[in-house]
Amino acid sequence: MFDKVHEECGVFGIYSRETKNVASDAYYALFALQHRGQESCGIVVNDCGVMSVHKDVGLVNDVFTKDALSSLGLGQIAVGHVRYGTTGYGNRRNSQPLVINHVKGSMALAHNGNLTNAAALRRALELEGSIFHTTSDTEVIAYTITKNRLNTGSIEEAVSRSMDTLEGAYSIVLMSPKKLIGARDPLGFRPLSIGKRGDDYVFASETCALDSVGAAFVRDVEPGEIVVIDSNGLRSITEHCSNRKKALCVFEYIYFARPDSVIEGTCVHEARRRAGSLLALEHHVNADVVIGVPDSGLDAALGYAQQSGIPYGVGFIKNKYIGRTFIQPDQKDREDRVRIKLNVVPSVIKGKRVVMIDDSIVRGTTSARIVKLLRDAGAKEIHMRSSAPPFLYPCYFGTDIDSQENLIACKHSVDEIAKLIGVDSLGYLSVSDLPKLVNPGCAGTCDACFTGSYPVDVSGVSAKSKFDQKIKASGKED
Amino acid sequence: MFDKVHEECGVFGIYSRETKNVASDAYYALFALQHRGQESCGIVVNDCGVMSVHKDVGLVNDVFTKDALSSLGLGQIAVGHVRYGTTGYGNRRNSQPLVINHVKGSMALAHNGNLTNAAALRRALELEGSIFHTTSDTEVIAYTITKNRLNTGSIEEAVSRSMDTLEGAYSIVLMSPKKLIGARDPLGFRPLSIGKRGDDYVFASETCALDSVGAAFVRDVEPGEIVVIDSNGLRSITEHCSNRKKALCVFEYIYFARPDSVIEGTCVHEARRRAGSLLALEHHVNADVVIGVPDSGLDAALGYAQQSGIPYGVGFIKNKYIGRTFIQPDQKDREDRVRIKLNVVPSVIKGKRVVMIDDSIVRGTTSARIVKLLRDAGAKEIHMRSSAPPFLYPCYFGTDIDSQENLIACKHSVDEIAKLIGVDSLGYLSVSDLPKLVNPGCAGTCDACFTGSYPVDVSGVSAKSKFDQKIKASGKED
Amino acid sequence: MFDKVHEECGVFGIYSRETKNVASDAYYALFALQHRGQESCGIVVNDCGVMSVHKDVGLVNDVFTKDALSSLGLGQIAVGHVRYGTTGYGNRRNSQPLVINHVKGSMALAHNGNLTNAAALRRALELEGSIFHTTSDTEVIAYTITKNRLNTGSIEEAVSRSMDTLEGAYSIVLMSPKKLIGARDPLGFRPLSIGKRGDDYVFASETCALDSVGAAFVRDVEPGEIVVIDSNGLRSITEHCSNRKKALCVFEYIYFARPDSVIEGTCVHEARRRAGSLLALEHHVNADVVIGVPDSGLDAALGYAQQSGIPYGVGFIKNKYIGRTFIQPDQKDREDRVRIKLNVVPSVIKGKRVVMIDDSIVRGTTSARIVKLLRDAGAKEIHMRSSAPPFLYPCYFGTDIDSQENLIACKHSVDEIAKLIGVDSLGYLSVSDLPKLVNPGCAGTCDACFTGSYPVDVSGVSAKSKFDQKIKASGKED
Amino acid sequence: MFDKVHEECGVFGIYSRETKNVASDAYYALFALQHRGQESCGIVVNDCGVMSVHKDVGLVNDVFTKDALSSLGLGQIAVGHVRYGTTGYGNRRNSQPLVINHVKGSMALAHNGNLTNAAALRRALELEGSIFHTTSDTEVIAYTITKNRLNTGSIEEAVSRSMDTLEGAYSIVLMSPKKLIGARDPLGFRPLSIGKRGDDYVFASETCALDSVGAAFVRDVEPGEIVVIDSNGLRSITEHCSNRKKALCVFEYIYFARPDSVIEGTCVHEARRRAGSLLALEHHVNADVVIGVPDSGLDAALGYAQQSGIPYGVGFIKNKYIGRTFIQPDQKDREDRVRIKLNVVPSVIKGKRVVMIDDSIVRGTTSARIVKLLRDAGAKEIHMRSSAPPFLYPCYFGTDIDSQENLIACKHSVDEIAKLIGVDSLGYLSVSDLPKLVNPGCAGTCDACFTGSYPVDVSGVSAKSKFDQKIKASGKED
């Protein structure tokens, strides 16, 4: 809610045999995916090969006015994207989907993830004379596919060839004039699911977006798989699939995804309840009430309560009217801004021993302020439980856990953190419990941000390359 | 969430001995009160008698841009207001607070409630030559006070004289050049509380707004009481107070107020949990899970679960990004719009016998759609419980329960409604349980919309007079 | 263009026997009248007595979006208004037309002018208990008419009774549920003309607005006349008309009105050309080119050139893209802002002896900057001619010539002004030439701002009362 | 004003040795160039190699809010652009300047003109794997320069190599991390001038933009010249300059440019006055008044009047408040929309024999409507004169004279056109008079749209390639 880890993106695509309002479908789907990225969003509609695009900095609700949405017209295929980032004028050009024109026609591309070899690929492309309009690795993917398209017989073949060189995390949805394609990196860092609505096919980062357009869940795109939708229906290319242990981001379950989504067979809500149960088993405490920090701590709190037998309570009310343009309090009041967004329900807290569950602790500052709210409301004891283990290592696969300097767990012991936050006890979910969050049969998760065990070689990757930035010139005489 | 009963307003006032950013305090307070009215809002700042106003149609977040807020400047006193209604250009002039100039200076007035004799008072004033800029009864109150001010020695005396003629529901906050005044009708239909922050005094419709500005709760304004704040501190005028049974709107507890607010000594969250417990006692059923319809059904669901022993579950995820400008689905999809705003958590529902709690049932159409979502998700049985009794009578005291035609309970029996909604069983809270929602010692509530027992004579009041409307001309030759 | 005298308003009204898009007519008419007021604007549409209003701070182009215009719907009568003033949030409530509800129905009122006894009338009304929402004298007029309506048989009779007490300048257009009325004060300070389009009748401050809606000019409303339009057609009430010398603002011809308008039989463009001719006769000089300062100096420059035989030239290009939101240059560049709005055509000026005509000189600062532009462009000599005499006295009849402190002519002789502005010679139009601007048969003009000969007693009027202002409280204890 | 020929663009660049508010300079300059393009605009600021960009669809006044302008920050170099086109969401990505990142750093590019071999160059680049984000030839130029940069020692060398392959019309301003470069195609189709302000250097399409930032005119960039500004000052590369006859667009003088600009030594205002004089000599007629159609017909009308001795008159008043969002009249009134934008000054026209000068005639429809206005105002005779010869051929060099179907002169004789427009006589400027518009010593103009004598081979160029468009896919199976 406040100082949280952020996902980079959510992607969506729809293919229909008929000409219809696919823009409207994309619009509803982006609402369902908005939690995955609130910086910018966009939709591209493909009408017989002619692509109309609208994208901008802002929430779906703000970017897509009635005029903007209707300007996209009808079509057969559409691709949509929501993107995380801090707001700013300069970020408009990094908004997605990326639309480009190349020798075989137009292409629109939406990407969730992060390439670990983006810098090297970009450098090589630039040395061949390529120009880059954006600073995102999505453009690197577009170039790579386009270059491969020159020597291959189809767009899907070009995607397959590109997967030989692309490294890291990528769940992409792209459309050529006549096809919609979904593909996932061989380790499956980011989710991507397939839905069907009548004869229409849909791709979405999460199943909640399938629900929002009335599509039934078919299956997930497999790690390494390329799924092609065209007038012949659905076709799968599996040459990059393997039996290797997979690396689905475990934090998707803990925080990123929406509770009603089902990823790789596990309902996110259930995963969070399990996290709460596991916390209750490992970090038991005698208390009067278990509360969650809204919204993502609520499910785990319920699990903790059910496991421990301590009553579940509604401890906080979150103000749902605070928007992006909320005017910040004066400097002196800034410390109290938590108070404006979050209020305590006094009767639940006063005089009680409270177990407070949050999904994770990043810098710890917000936790400290929330704890103060509880103390002011008369909590007798406060026991904090985090349904994620401590963040200790940077992530190179599409989230902004980038700097160890900002991670409180890198600099302090659990006891010190408890003191800093002001709680009577603090307990984190154990790394060894992470596999228990997902259903048996899960092909494997990535927990590198907790363990440092990266599923791919990241020795040459600088944390800086993970996010877009203004690129400082380095030319000699220019 | 969808077809709900609406409150008319929320009011706020602050008095400081120093010149400071009272506009900023009002801004935060209106965020906390936004749930009481989303049509329009406004703030008036009083700087040594010079009043600056900004108000418009829209949410606080939209109306108060940085420029708009800073245009109000610093001051010693401020009054704020949020108002319910459907959006529209014509409604701007009915937005509050109302600022007027009269013989003794300027006055700003914010009102929550509804006068039952507004039409008669207005007619009498017009016959004396008064002109009306708005169609709201707030202007009637302003006129009445101003007329009385001519023959009285102070603004508070004028307010007191006006209370001799004003009938119905009114919680008002007004400021004269040097005073801030809060007053409540003798039966106390609408809440109004007093807070203190250092030497500053605050009035607000709900205590959650006190919290948002860091003020401590002092007490409620008593029914019939006039509380005057000026440089001498707080002073109370009690000549309209009595020992009569009071008539605080019981639906404030069930739906209108924020759960973290405390009204007349009862925490709203607790009242809702009690409603859930009482429902469990009266309408028990064997089931696997108890879920609430977000947001206002959640507390009662928790109470039902705790009383019944059936596990509490998170059955729905509400999309928090749907804003006012959300573009409605095509006509054919309109029935499915619930699906875009509300998603089911499948693992919680599938194959389960579900108890679903909502705060009330108005027309029943939304309930039917929500029930269909649960059926589609595989619910085996659905038992709906409403934490309000059936709506049967119009309200004349500041809500929009105005037409019996729209109330499903006026036309159908409980069994019929259950069938129409599509549930296996349906249970309403009993009217006889209503007194149990509030703490002992409560001075009395109004439940006329459920019982028809109006606490004041409403025989001459037409339902039409309850809400603002374009006034059709009736003059003979003009 | 820069430091100019400002008119307060422009008014418009239309009456049709059929229900049609009268809002659209008012919209086009307000575009034609926009030069008379750029602060705020508004339109009220009357559909069988139900009045819909939209008004706001801003230009017609900004205030009337497609949605706003269509929200007014169809109707039979409409009234529109443009208003001058500095922009600001607080000014919205002073925007017109004023819509009020009184005992005989609704009334909408648009006013151009200024009452000289507004303060006294307001005070008397307040002492009877009247409340004022605005600080404009338009509300005083509305009250006066409404009070009189109580004891009269029709709205036009009420207007007539009100004219017994209203003093000063007023050209008003008002509509009751069934009638459209235009009225002008007995001295006719401000223009008001009548047009006809098929069976429709139109009132407008200037004839250019008649043209914009395709209406043919019928005649001016006579000073003191009340013209009533209803289902019986046009009817005139002349009891306030007299043979007294009239007082039409002569500066309407020199600067306020649009050149293509015809006021009291004289085309404004011709009046300006005559001013130029008269200047040439009285202030001859040997020169190479005559140029006008755009836009209002161009006509007089043409007259000067034609009379003197010196060639007319296009000396300046005005940037037509500078809008209201133009971001001002940095403080240090502010002196050069004229350069951004106005450019010299170098070939016309370089090495030439230039006669430069402007409509008037207020503070002289802008003139000095424009002269500097010409010097920088290589003008050999610069001879400035002003088609208005020197401003020496405040105006109490609806313009903002309010403070003698700001008038350069009050503090300096013509020779001193020439030096301050930096010209080689300076000549003003003589006061004795003013009557020559209008056609013979004109009933009389007001030139009080040049001569101090006020056509009505203004001894008790303070300059401060002329414009709206925040009203400081004066009550004793409130 | 209504159905006019449109220019594609205006460009601007500034170089300073100090870090300052170069964005503000670009902002003022774009206001001065706004007449060259009203679809979109943009500014890029270079601060030590880091480039910040803001660009969007809309007028300078709308796109550059205070926040947007200040988001650009301070810098040493800036490039700006205004662009013509019809408004639309899809056009945002074609807005300029184009900012790209390549192997030697970032580059920002602003272009005015049109390449005749853009399609061929683009095809070749695509076949090498290049991807295109836009449909404009500006991206083709960027690619060509970037490719050449790989094998050259400096950006200016890369520009020079690129000019070996670029064909057609291009005046470009580009910046690398450390340099500002202006270049013009060898025939000099479009203007580009150099200015100096202290140590700062400036490039602009027209000299009026130099004036707006207080820069003194230095000289024009020569056709074929590359002018490089860096810390060493100004340097010229002339290898593409030649003695060949040049091809400056003669319609820049007649219509496109601002009258106060000086292009290749000739003041635009003077060129237009000469056009009027030449029309008077060739197409004399006995008449009472000469009027111009605002704004661009005014100068020629003055020339006609001076040559013929017939008095110059102000025949029209143009409404300057009609903005881009002006709501079009109802279908039935659309023919009268001219009336809303343009009013006749009746006293100048009534009963007169009128000579009406316009800059050109494209489709003739607007001329016919304007003529009708004059007839309605009582003109006795109307003699139209066009200061451009008849348009007969498409332009391939940066204007939208693209389709012979829309050109009235392609389908009708002069007499027929006179009849269609409704005038008593019609006269066009002779092609043979065109050279007389410019000062002696002019290196040559392009009049291909009048004569069909194209200065470069255009046999392979389709008119369609001249303007940006949605690109239809042509790939085989994709």
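Order of writing sets the chain letters: A, B, C and D. Residues in each chain are counted from 1.
Note that in this section contacts are C-beta pairs under 8 Å (C-beta built on N, C-alpha and C of every residue); 3 or more make two chains touch, one makes a residue touch a chain.
For clarity, every value in this text was computed on a predicted model and none was experimentally measured.
The chains touching subunit A as well as subunit C are B, D. Under the contact definition stated at the top, no chain borders both subunit A and subunit D.
Averaged Cα coordinates give subunit C a centre that lies 37 Å from the centre of subunit D. Between subunit B and subunit D the centroid-to-centroid distance comes to 59 Å (mean Cα coordinates, whole Å). Taking each chain's centre as the average of its CA atoms, subunit B and subunit C sit 47 Å apart. None of the residues of subunit C touches two or more other chains. By the contact rule set out at the top, the touching chain pairs are A-B, A-D, B-C, C-D.
Interface residues of subunit A, counted against subunit D in their complex, comprise 48-54, 67-68, 71-72, 88-90, 93, 98-107, 123, 126-133, 135, 142-143, 146-147, 149-150, 153-155, 176-179, 470-478. Taken in their complex, subunit C has these residues touching subunit D: 21, 24, 27-28, 31-32, 34-35, 59-62, 64-66, 69, 208, 211-212, 214, 258-260, 262, 267, 269-270, 295, 298-299, 302, 306, 311-314, 317, 319-323, 325-327, 329-330, 336, 339-340, 343-348.
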